[in-house]
């Protein structure tokens, strides 16, 4: 064990559940070795599932159907509104319907490589295997994937891979998949096997005798603090991109459920791995509440450029060709505008930092379709991108057929999350974590169209098979509200709420959240440095103190109180932000979505240090006044050779 | 597999019983009531067209008009007793009217119940004037029908003098000095026109005939039939009032 | 720009509710309507008045959480969701009236927030295809003609926002229900449950106290996703078919 000024290094950990042997047999092996629960015994076992996105709704529907007693929670007014709904692009599956050389092994390989060799081979292989079943399942539910004239499913190539394995439903794939899972869930609710609680937010985890046994939730309509018990708890609560305030996440997306579990002992893995998406609509003012993503497919035909001159404020149409810098085409002649997300994002940041950014804020680059319109004709461009152009015009008020679009990177997805083993069980027995909320499958960078795949794989196929192994030793001893562990958890929640309502300071919750977002974006965003991260940690600590001194939350707890909800979430973001910075600081290499300025090649590309950092950083909560404890899980690669990525 | 399927069916049964406790049948559903309105409405529209055709015989003179009216009484004779067909016909019409009104009343009450708190500001995006006036227009038409039967069928109300000749009843009733009768009649017929304009469109949609590709045609048919019926019913009384007939 | 807002304030379900007027200065034309409400709420909070409660989440027009009636129109003057409506659709000096969806089936919870649980219950009644996890045949086992798949998709784009109910003079949920009946009814997988589905869903929407459809078309005219009006005709056909087969 070693200690420095920011964290303590604890004992290494390993994934005890992943089977050994040939990689393509491991999932079968685990399903065979995992204990089963007799169908007649399932109704005696209860499971709490928090969140109703792809991972949560799919798990609740499947577990309910299997006969378990499921209680589900979501903060939205309906499970159908979870943010999985906003995913546009598609979902990958190794169906090889195109006969273009795809296979489970290729999807596995692409995902490990795309994750910059920071994910587990066993998990990723299982993900690729399961991908095939997901498409079958969704089609059977009535998900209207795009089809060809022959009536068969259409596929496209996505995110720079060389095979066409992405299934899609126009630009609304996430919506259609979620509605499928939602309908399956509603069917179980009607059947009485799932008890649904909408507008309920989980605020604390109940642990008793070392096992996760329940949750404390707040009924957001009445303010009632409720206690719910079960034999196992599943968190499917999504990512934490909103720590940046501005992101493509929904306004309500938050880290509270996973952060509260972390504070109770669940390891938080790789918190610094954030994906920043290059094609978002730039910020237009201080009032901005969220950022809108436009499909990456725009980079297939649009050309990205900035003026060569600093501070060139001319109308872009008046800037002659030789005074424009098509910087991606210049720096990456092989891939040009189609370089991976992290590279495109960082390149945009760099030109803006040089003072060549466009738009009133100077934080934007042009995505120009003039050439495409000249080459293909306006009608063809409209047929291909019409809906995206309309969306752009609705938001910005500018016509992208006439004036080049302005784009800028925005936080989009978080690869980090609660540490889980092969069974998706966290470091707390009985606490399982699925979907974006766990850290498991994407390593340091997620490939396009893989988030939906992972959420559904976890929800429909992985968790329902692995959780049996834990539940087979249940039902556990009954506990009720009078149990000291339950009372202590409830007390934590009520005192936190009372405190938030009693401060009555002078600043709104949003003003703190925005300030935190600025700090995170500036110092823990696309490019991170030791100096910046240290500064950020100081700033976040100060801000957290100021928050607890000066926040202003009106109203009471006994009503729908949206400011109180937000305040509770910001409390947790303020703590998470610091851990993200510490994680980013300790990882003195660049990999995937994490770029340390100190670790780059001569050409300014990300430079990994596999000898030192080929591990998962799993953080244990050390206490409010103590340092976090780092546990390393070593990563080994037997099937994919570790290489440095190159897109020149 | 078998187990899964069975438990599945069982759950579906549970779903039904827990979710639909009050009304166990769809026969009384809003959609079924609308269908009843559509079918009875169709009967009434067909009747109106036949009625209009008869009315226009007034332009062929008294003999043709009275002969036609008499012929209706004889229809089906001697197979049926005299006026037998007419009474069957009247019963069908009466039943249609009652079902139409009953359904409309139930649906109106449900619609009122469906929004007890009104908007402070409302703006119509799509509504046509005719759809806006369906309910009150319907009440006006019902009142008019009562008057109309008392006036020209039973002849209990006879502004210009009673007569056994339908032709004379018509001519007497719409003389220029009874301009207010004509005016009421005109107003009612225009209300019928509006009622048909939306009613025909709505009935076709309710019976499942509305397809995006057909919407233009259905709307054109609704406007066309409404116009023909309106003009067809307005011509005879106006012709009398302005001295062209009689 | 400067605007005057008339906003419906209602403390809770049983409260009377009333319109309250607020003035906002320096509103940017590039703000979304909800960002304008954010600005109002920041201002109210600092002045010590409770902020206006409104539902919202994704703010990119897909989750269906947001929705208010603006100057008498569901989602306001543009055919989109409230979150995608921008202040450039208004003029300097405008007075803008903001109300919640009004329908007995959508009781007001607070201010502009309503309870749309009735929609979930309509789906529970039959808005699904029974396909237990793991039982599915290969996705290509059942080719679907593209026109059918496209029509299913058009209907499936419904986001469940409730604008159709809000705009309907009868507060009818027919467009919502019809969209689901059409989506699932166009697909071969949806056929086994087709006859029962429509009956159960129609019964449930009556149960929830939605009004009946009078084919006026306000619903489709305000629908941010352009759900076609003729889906209602398809529901009617399906229901009459079910009733004639004795599935009632």
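Read from first to last, the chains carry the letters A, B and C; within each, the first residue is number 1.
The rule is short, and it goes like this: a contact is a pair of C-beta atoms (placed from the backbone, for glycine too) under 8 Å apart; a residue touches a chain by one contact, two chains touch by 3 or more.
Keep in mind it's a predicted model, so treat the numbers as computed, not measured.
Peer 1: Based on mean C-alpha positions, which chain is nearest the centroid of every protein C-alpha shown?
Peer 2: Located nearest the centre of all protein C-alpha atoms is chain C.
Peer 1: Farthest from chain B in C-alpha centre terms, which chain would that be?
Peer 2: That would be chain A.
Peer 1: What whole-Å value do you get for the distance between chain A and chain B if each is reduced to the mean of its CA atoms?
Peer 2: Roughly 60 Å separates the two chain centres.
Peer 1: Round to the nearest whole Å and give the separation of the Cα centres of chain B and chain C.
Peer 2: Result: the chain centres lie 33 Å from each other.
Peer 1: Nearest whole angstrom, what separates the Cα centre of chain A from the Cα centre of chain C?
Peer 2: The separation of the two C-alpha centroids amounts to 27 Å.
Peer 1: In chain C, which residues are in touch with two or more of the other chains?
Peer 2: As it turns out, chain C has residues touching two or more other chains at 124-125, 130, 132, 135.
Peer 1: Quick check on chain B: which residues sit in contact with 2+ other chains?
Peer 2: Correct list: 4, 12, 15, 19.
Peer 1: List, in ascending order, every residue of chain A touching at least 2 other chains.
Peer 2: Each of 65, 187, 190 in chain A touches at least two other chains.
Peer 1: Touching chain C in the complex: which residues of chain B?
Peer 2: 1, 4, 8, 12, 15-16, 19-27, 29-35, 107, 110-111, 113-128, 131, 134, 198, 201-202, 205-212, 215
Peer 1: Under the touch definition given earlier, write down the residues of chain C that touch chain A in their complex.
Peer 2: That would be residues 11-12, 28-32, 34-36, 38-39, 41-42, 45-46, 48-51, 53, 55-65, 78, 80, 84, 86, 88, 109-110, 113, 115-117, 119-120, 123-125, 127-140, 142-146, 149, 152-153, 156-157, 159-160, 183-184, 187, 189-190 of chain C.
Peer 1: Along chain A, where are the residues that touch chain C in the complex?
Peer 2: It is residues 58, 61-62, 65, 76-83, 85-86, 95, 97, 133, 135-142, 144-153, 169-170, 172, 174-176, 179, 182-184, 186-187, 189-190, 196, 198, 221, 248, 250-252, 284-285, 287-290, 292-293, 391, 394-397, 460-461, 464, 506, 508, 510-511, 552, 554-555, 559-560, 562-563 of chain A that touch chain C.
Peer 1: Applying the document's contact rule, which stretches of chain C touch chain B when the two form their complex?
Peer 2: 6, 8, 17, 19, 69, 71-73, 97, 99, 102-105, 108, 121, 124-126, 130, 132, 135, 167, 169-172, 199-200, 202-207, 209-218, 220-222, 228-230, 232-237, 239-240, 242-243, 248
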